[in-house]
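In what follows, structures are represented as structure tokens.
Next, two complexes with chain A in common: one pairs it with chain B, the other with chain C.
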Partner chain A sequence: MNPPISSAEGLAGLVFLVMLAATGFGALIAVNAERTIRAVAGLALCFVGVAGIYYFLQSPFVALMELLIYVGAVCVVLVFAVMLAEPRPEQQVGKRNAIVGGLSFLSASLLTWGLVALANGAAWCKAPMRINEGSMRDLGQSLLTTYSMVFELVSVVLLVAIIGSLVLGRAGRSKA
Partner chain B sequence: MNILDLSNHLQTYLTIGAFLFGIGFYGLLQRQTLIGMLISAELILAGASVNFMAFNRFLAPDPTVGQIFTLFIMAIAAAEASIALSIVIAVYRNYKTIDVVDVADLEG
Partner chain C sequence: MNPEIVRVLGYIVAIIAFVALNAAMLVWMERKVAGHIQRRIGPKEVGPFGLLQSFADGIKLMTKQLIVPEGADVPLFKVAPMLVMIPAVMCFVTIPFSEQLAARNINVGLLLIFAIASINVFALLLGGWASHNKYAVISAARAVSQNVAYEIPMLITAITVVMFTGTMNLNEIVMGQAGGFWHWNILPIAKNIGMVVLMPVSFLIFFICSMAETNRAPFDLGEAESELVAGFHTEYSGMGFGLFFLGEYANVFIGCSLAVILFLGGWQCPFGLFPGVHWFLLKVYFLIFVVMWARWTFPRTTFYGLLNLSWKILIPVSLFNLVLTGAFIKVF
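Up next, the complex of A and B:
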């Protein structure tokens, strides 16, 4: 298949490339930025790109949740933490010695290379048939039938997380 | 393989997932502050989620499983972020810093 750039498929491919670029660029900013607040901004950019990738994987609901939870909630919480804890810029902390940086780069690139080689070398076999289309309706149905127990357990986990973070944040204050 | 047709291949998504994982792994080893390490952990989780969604779209017999797993990963990641950040605040209150070099009372 070779779509011309002016057709709908060609434009969609172009948008997909932009999303890929946003993901990679944002991730690189998130790990390399000197100031933590810039790293958080890079993380938000990366998550916007990941949401676009989810949209191309035919799951608009998960893409929306990615934007809502990660960009809208997790990044804002990170900004609050940066505001409250005032981390110093990386170069004032004193660099870890160059050996650690080099070794971590080496191990991470080895890991990435291995995963990419595995992904491109393996013979992936398709499922012979699909039992539904994976649409939003199917998603809601299986969330409330097959996975209802897990759904409830996740809500309990979230409740415990809220209470736990309140307890942790309150300890040490003189009067509250 | 045409460059405008990349979104229809499983290998594209697996590669971007591997890159997200590798970048997050590098950041986790190399970052000096607790918030920086938390950001890297989020990148690792994002890489895993992209892999789940890719397999879900191209290979799975039931294409809701991967989406639901990704939603659960998001919920657990949100819980993890809130707990970790309140720990960061507690550490900052006790040590007046969140650099991992200075928070070393329990030297191993």
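Up next, the complex of A and C:
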């Protein structure tokens, strides 16, 4: 069934297509860009597209978290690292090789085929019918009940990462 | 045409027009406030009281050429000003101007504003880097470390409000503050006597952080004219610079309107009479006036002073505040 483009559903479908295109295009930029900073920008575009797809899957909370964490934090940290390290702009990554190219194409298509087969074979649960409600409450409850152990472990990993980076940062500094 | 689409288009046009008009009026207001604080008059030639000055400036900016500096990363250089503007406009989607006047009533509205506003930092970084200018890069690095430092206490104080009201829906947060200023979240005498002590602290932290997040003086280290020419937008001419400016003023409006919605009762009247969009705008523009007042009264802080204020004072105080809030909600 194809709703007309002037209806609300048709327009929503158009926005969905734009989000898909942003995801794919951003991913292509992230992989193919020669300058690191452009690759990060492509990655950010890809994340925005993924966030849009989450929104269409009726989980605005996850979409917003994707924006807040991945674009607002991860990409910013990546750009920050690039700015501080400042790699040379026109760095030749390595010569293109026919055999390597063919092998990578083969492995990429195998991976894609595997993912598609998984997606087609999996038993998907039905999308929740509530649009503006539930997802955040369910998420909070499951984080504090079913997955509380995982949640705590993740926070411990983050704590270790913070302390480790502090130790590494201190090590390079002379005692002043 | 479908009425839903007409509604969406209407809100888009109205919001963009409001953002532009708001920026024009705020530039005029800023210059007038600055003038009177420094015992000058401020702009007065163009139009009555100089009201049309910013429109004249806007036309001038739009007629200027966009110069791309040599060695700049051209696509990123051109994308950065738009990336400042788009999130600023998108944030308006969930701000309730009055009970009926909100483009979309989203259940996680507060989170939406924080999530979308976080893109702003990324745009500043890209603009600073793409300019191929050392001042711009230094300024972008400063702006980011500042934003990261102040986002933490801001989010923590926002959590205290969410804990107190029990919702992230901005509309419901305002609804819960109906019936006079003694119901507002900043001094909830009528609801929870314990929170009367904590909420002003939350408000103060939130307001300071929103000032710092929008790179306003005394926290405008990112565009310290005396050291960095003009900061991350040094290389931008014409409307490229204009968009950075529009985005900044839109963000000031968003920060102040969030403070009004969370703490000062949104569109509610202080005495419970005639609630509506006029009260909302009155409160927001009063807070914006306070922001300008602070800018022209206090000198710029040092960069270390800025980071120390956040990491050593605001974050511990806000964490302590969060714990106490949880306890007081249980006890009282």
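Simple rule for what comes next: the second predicted complex is superposed on the first by the 136 of 176 C-alpha atoms of A that agree within 3 Å, B and C clash if a C-alpha of one lies under 4 Å from a C-alpha of the other, contacts with A are read in each partner's own complex, and residues count from 1 in each chain.
Convention: contacts are C-beta pairs under 8 Å (C-beta built on N, C-alpha and C of every residue); 3 or more make two chains touch, one makes a residue touch a chain.
If you're wondering where the values come from, they're calculated on a predicted model, not measured in any experiment.
*Asks:* Counting only touches as set out at the top, which of chain B and chain C does A:100 meet: first, second, both, neither?
*Replies:* Touch status of A:100: first partner only.
*Asks:* More residues of chain A are touched by which chain, chain B or chain C?
*Replies:* Partner with more touched residues of chain A: B.
*Asks:* Which partner chains sit in contact with A:147 here, chain B, chain C, both or neither? Use first/second/both/neither.
*Replies:* Once the two structures are laid over each other on A, A:147 reaches chain B alone.
*Asks:* Touching A:83 in the superposition: chain B (first), chain C (second), both, neither?
*Replies:* Second partner only.
*Asks:* If you stack the two complexes on chain A, which partner ends up touching A:8: first (chain B), second (chain C), both, or neither?
*Replies:* Only chain C; A:8 stays clear of chain B.
*Asks:* According to the stated criteria, A:22 is in contact with first (chain B), second (chain C), both, or neither; which is it?
*Replies:* The answer is neither, since A:22 touches no partner chain.
*Asks:* After the superposition on A, what does A:73 contact: first (chain B), second (chain C), both or neither?
*Replies:* After superposition on chain A, A:73 lies in contact with both partners, chain B and chain C.
*Asks:* Answer with first, second, both or neither: which of chain B and chain C does A:61 touch in the superposed model?
*Replies:* Both chain B and chain C are touched by A:61.
*Asks:* So chain A touches chain B in one structure and chain C in the other; where do those two contact lists coincide?
*Replies:* Looking at chain A, the two contact sets intersect at 61, 65, 73, 80, 82, 84, 132-133.
*Asks:* In the complex, go through chain A and note every residue touching chain B.
*Replies:* Against chain B, chain A makes touches at 1-3, 5, 9-10, 12-14, 16-17, 20, 23-24, 27-28, 30-31, 36, 39-40, 43, 46-47, 50, 53-54, 56-59, 61-62, 65-66, 69-70, 73-74, 77-78, 80-82, 84-88, 90, 93-94, 96, 100-101, 103-105, 107-109, 111-112, 115-116, 119-120, 124-134, 138-139, 142-143, 147, 150, 154, 157-158, 160-162, 164-166, 168-169, 171-172.
*Asks:* Inside the complex, what are the residues of chain A that reach chain C?
*Replies:* Spelled out, the residues of chain A in touch with chain C are 6-8, 11, 35, 37-38, 41, 44, 60-61, 64-65, 67-68, 71-73, 75-76, 79-80, 82-84, 132-133, 136.
*Asks:* Which residues of chain C touch chain A once you look at their complex with the stated criterion?
*Replies:* Residue positions touching the partner: 1-2, 4-5, 8, 73, 75-76, 79, 106-108, 111-112, 114-116, 118-119, 121-122, 125-126, 129-130, 137, 140-141, 144, 148, 168.
*Asks:* Give the list of chain B residues in touch with chain A in this complex.
*Replies:* The contact residues of chain B facing chain A are 2-8, 10-27, 29-36, 38-40, 42-43, 46, 49-50, 53-54, 56-65, 67-68, 70-72, 74-83, 85-90, 92-94, 97-99, 101.
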